[in-house]
Amino acid sequence: MALKKWLDKLTLLDLFDGLSVTGRHLFTKKVTIQYPEQKKLPSDRFRGMFRLDEERCIKCTLCAIECPINIIYIDWHNEKTPEGKSAKVLDRFDVDLKRCMFCQLCEEACPTNPKSIWLTTKTYEMAAYDRNDSLYLDIRKLTDWRAAPNVKPFTVVEQG
Amino acid sequence: MAEETPPPVPPPSDAPAEPAPAAPAAAPAAAPKAAPPKKVEATDASAHPWVESLRSGVAGSVISAKEFARQVTVVVPREQVAAVARHLKDVEDFRYCVDVTAVDWRDREPRFDVVYHFYSFSKNDRIRVKCGVGDGEEVPSIAEVFLAANWPERETWDMFGIPFAGHPDLRRILTWEGFHGYPLRKDFPVEGIDTGAAVYPEEWPEGGGPAPDDPNRKTVS
Amino acid sequence: MSDDRPLSEADKALATQTAEELRAAALAAAESLPVDVHPPTLFDVQEMELNFGPQHPSTHGVLRLVIRVDGERILHTLPDVGYLHRGTEKLFETETYPMGIPHTDRLDYVAAATNNHAYCLTIEKLLAVEIPRRAQLIRVILDELQRLSSHLVWLGTSGIDLGAVTPFWYAFREREQILDFFEEYCGARLTLNCMRIGGLPFDITAGWVERLMEFVDDLPSRIDDYEQLLTDNRIWKKRTVGIGVISGEECIEWGVTGPVLRASGVEWDLRRAQPYECYDELDFAIPTRVNGDTYDRYIVRVQEMRQSVRILRQCLERLPLPPGEFRGKVPRVIKPVAEEVYASIESPKGELGFYCVSNGTNRPYRMHVRPPSFINLQALPRLAKGHLVSDLVALIGTIDIVLGEVDR
Amino acid sequence: MKVLTPTVLTYLKVVILVAVVPAVVGFVIVLAERRLMGFMQARLGPNRVGPKGLLQGVADLLKLVTKEDITPARAEKAVHFLAPVLAVVPALTALAVIPFGPAVRIGRIRTPLWVADINVGLLFLLAITSIGVYGIILGGWASNNKYSLIGGLRSAAQLVSYEVPMGLALVSVLIMTRSLSMVEIVLRQERLGLWFVFPGLLAFFLYFVSGVAETNRNPFDLPEAESELVSGFNTEYSGVKFAFFFLGEYAAMIVISCVAVTVFFGGWLPPFPNVPALDFLGVVPPFGWFLIKTGFFIFCYIWFRSTFPRYRFDQLMALGWKWMIPLALANIVIVALAVLLTPGRSDGMFVLSYIFGGLFVLMFLLAKLRRKLARRERLAAVPASAPEAT
């Protein structure tokens, strides 16, 4: 390839070659997504905002145990149901979302079917000005996002 | 796509990347991609050729040897580490020092294990060398034998407080000079310690966050 | 090896000198703070200490280098790492084996899949479990996708370091597509957490293979574009040829692995040398070059991207077995025997190893990471010596460090 | 209309130049640069401020003006303040001698589209633009920052070195025109019916490359080298002062482009002014031609920036002293010989045009050949298959 080397040296063609690439891309399709107006559809497995179904939850606290950084806090007590059985009642189900790394191990650990806690909600817009307040989810916010005004739900919310 | 295509299996290149001179008796152990070991028990490896070589090359160097998951571990006395490393490099051709680290067995005597991994290109296999070190005892540095051991030894010093005698530049590496304590010791709390490293204590008081009289401070319950 | 003392005496002197010199430089730096003895004359060598980072656009994170320069020529380089130290190894000790996987994502954060893989491989070795073939293939696919994306990040950023801004955007355009595939597979784009001890968390989704195949077919032409911009470009060549030359023997001496080692002529790749998963049945080449300079490392990485494409294609062709097992027989509570094990894979940066000591409980007693970036970085003073400040930027780029992995 | 005497008109033009050029810089070039670079990089570039992002320049300006103006501790305050001014003023001053078009008539007033036609125009230009370097050197030195200092030093060496081939390249044009007046240079090209780029292809190439180096633009943007020197000489500048540096850089870019157009591309003339078949090109007014050509060169600046890596400092020096200056000297000899050895006053220029034109065509042919070779090489570089176990 001595010929090519010589050609390069003499004629600056290597530089024009590069210019032709950028010149060509001047007219190619642009990949920018105009974010707030256009949005990318997250995949079905996308790990986003938490959701909890209190009915399904059996208060086994496996999610809290499996959490690598211990950000799920669960308290429960036993109560007698009208039928006389004892049932667990949640006192507290908090997720400290600001520390969450969205690893989905809690969802994996959940033994119910469908899952009682899940992240595949496709919701990712959770920016907040105050992380201690807005990014700390108690059971109220986890089950109903209207209580957490910074969470903008994705239009399609997958259930479990 | 749907039909099952039997993959054309090329012969596994079980030869090492570099032309190897005859490495006696190492060949069976070196064969990569054998079936994963079925045994989950460690076996005694005192008869392993490398161990034999070590025993004959450096007097009194082998305390014990075992093999687990086709990985040979040799326990050597602390004083002999540099000599062992030199022997492994020069005689047994373990030219590549993979890593140096330590394990803290809090209640054991000696307290630490310093663990070395060496790799041989001709044998295409690794050997693990361990030595027990008490708290405060020095280990001879192998940074002169393997340049690669320089930073890992510094890291071990930083994380465990095991000094390496003869290391060219034994300073802390991941934490800073003046850090109190050795983070990977078992008695070091996971939550961390007060390092006393508040840079502007008047502005950023202990515990972090804005100062109490900062107008931007929001009260958070 | 016939040559058991690989370095020549001069090389050896240079190499061993460096550490001592670094120390001397540090001491000299402390002593030679500006003292007005006499106004320096025009011809005095005027050394200057330059603090390169941690906030510097081309240190790829929070690397700090204290360099002593004479004009622009570098006399000493003193790397100072640890700004991103998070105590990952300590965290591993406090958690059960599966809970460690998300933490590995954060080591080499541009190549999370390979970190997951190395971690899982280590535990699997400890447990002596075999993982299903389908899982093996998918793991290899994820690994190679990750290698592509990591090399793309490297290509873009090191281009920017040398002033070529455009490859960055092209590379990130392709990387974005790769991250889309990751997102579709496991739901995350960067911190994947996409492997489990004994296999995988999920099977692939419908249509993933076809879409990936389409992308893989398209990729070589994109790589051609980058090459057209850089490979022959005289300025790019001037900036990279002959910069930071290191021999293969010296690489081994410094423990340097990965593309840097292969660019110096040592054909050593763990995928070939100690094949894990199903790499032994795949047909791919290990690109090597002989000169060991920055340009060669560039070529090796670009060629590796092309080889990754080949591997991906083969894996994808083999994959559509009937959907089946993707997780081996691993007990729910993982309690390995009280033993120790080291396992490593070829990450995009080099040999990424995990050394695990178990004491029979469900948590690792000690989990140590052998980070390729960290070990490779220690050769930087050796590489940078005598070069100019501008070259230092190229050299930091060419080692391809990720500070999350260096500092752990 | 006695008010608009020629003197007043000149002052008026000066005001327009000083007011318009910054506006052009702000609104057009900054936006064009960012959008075009975006397009070349397969993205959109800024398109949020105003329709299609047209007000991006205003937004940038507002941001810069409202930012805090910081002077570092222990900086040389006076020099630190003076440096941005020194960077802008010469660049704007240089525009005074650029003829943007022939005389135009607005109502009953007839006035040429230049501020001054001084008989040493080209010399004045070279002199005044080289003052701009002081702004950068002093800014780098006064900032009390090592990165800035290195940037300033690099800039000094670079600008001094590239001033020489630039001047020498223009000398060959002088041989052809025998005048230093910018207007005369254009008129000469009109009389000749030939843009000087044809006989002066090499000179133009040398001039433009030196010009890119002179304005610290990629691939010669070493003084600011963002990834090495963290913006170099302007690291410690913010707010209005930074805006001035910014303005200075872009104004210098405009000056270099304008001079290239005036000297080599016939100023306001349409292509081949003497060919009657091309008379329809006259629909575009002369000033329009000037703008189109200048715009093209500014586009080239942007194009280069988005394509090339950056030279290293010593390589830059080597390029300047070992290639550019000898080539420029050789070019002078070639042009002088061509002018001397041919009978007519302008025959030599046509001879040179043919030679350079032929070489140019040859280069395009070679480009095709080279592309073929490059593809073959790239294919050969891919290891076809796994090597057998060695």
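Worth a mention:
Chains: A, B, C and D, in written order; residue numbering restarts at 1 for each.
Here is the rule we go by: a contact is a pair of C-beta atoms (placed from the backbone, for glycine too) under 8 Å apart; a residue touches a chain by one contact, two chains touch by 3 or more.
This one's a predicted model, so the numbers in the text were calculated from it and none came from an experiment.
For the interfaces A-C and C-D, the C-beta contact count is higher for C-D.
With respect to chain C, maximal separation of chain centres occurs for D (centres as means of Cα atoms). Between the CA-based centres of chain B and chain D the separation comes to 58 Å, rounded to the whole angstrom. Chain A and chain C have Cα centroids separated by 27 Å. Look at where the CA atoms of chain C average out and do the same for chain D: the two points lie 42 Å apart. The mean-CA centres of chain B and chain C are about 19 angstrom from one another, to the nearest whole unit. In chain D, 40-43, 306-308, 374, 386, 390 are the positions where the chain touches two or more neighbouring chains simultaneously.
Shared interface positions of chain C, defined as residues touching 2 or more other chains, are 91, 166, 170, 173, 228-230, 232-233, 235, 267, 272, 283. Among the residues of chain A, those touching two or more other chains are numbered 8, 15, 17-18, 21-22, 25, 31.
Of all residues in chain C, those touching chain B in their complex are 1-2, 4-6, 15-16, 19-20, 22-23, 81-82, 85, 87, 89-91, 94, 124-130, 209-210, 252-256, 266-269, 272-275, 280-281, 283, 314, 317-318, 320-321, 337, 339-342, 344, 351, 353, 355, 357, 365-366, 368, 370, 374-375, 377-378, 407-408.
On the chain A side of its complex with chain D, the touching residues are 1, 3-4, 7-8, 11, 13, 15-19, 21-23, 25-32, 34.
Of all residues in chain B, only 1-2, 4-5, 7-10, 12-13, 16-18, 21, 32-33, 36-42, 68-69, 71, 73, 89-90, 93, 95-99, 101, 103-104, 115, 117, 121-122, 124, 126, 128, 143-144, 146-152, 155, 159, 168-169, 172-176, 183-184, 188, 190, 192 touch chain C in the complex they form.
Touching chain C in their complex are the following residues of chain A: 8, 12, 14-15, 17-18, 20-22, 25, 31, 42-47, 66-68, 101-105, 108, 119-120. Taken in their complex, chain D has these residues touching chain A: 36, 38-44, 303-304, 306-308, 363, 366-367, 369-371, 373-374, 377.
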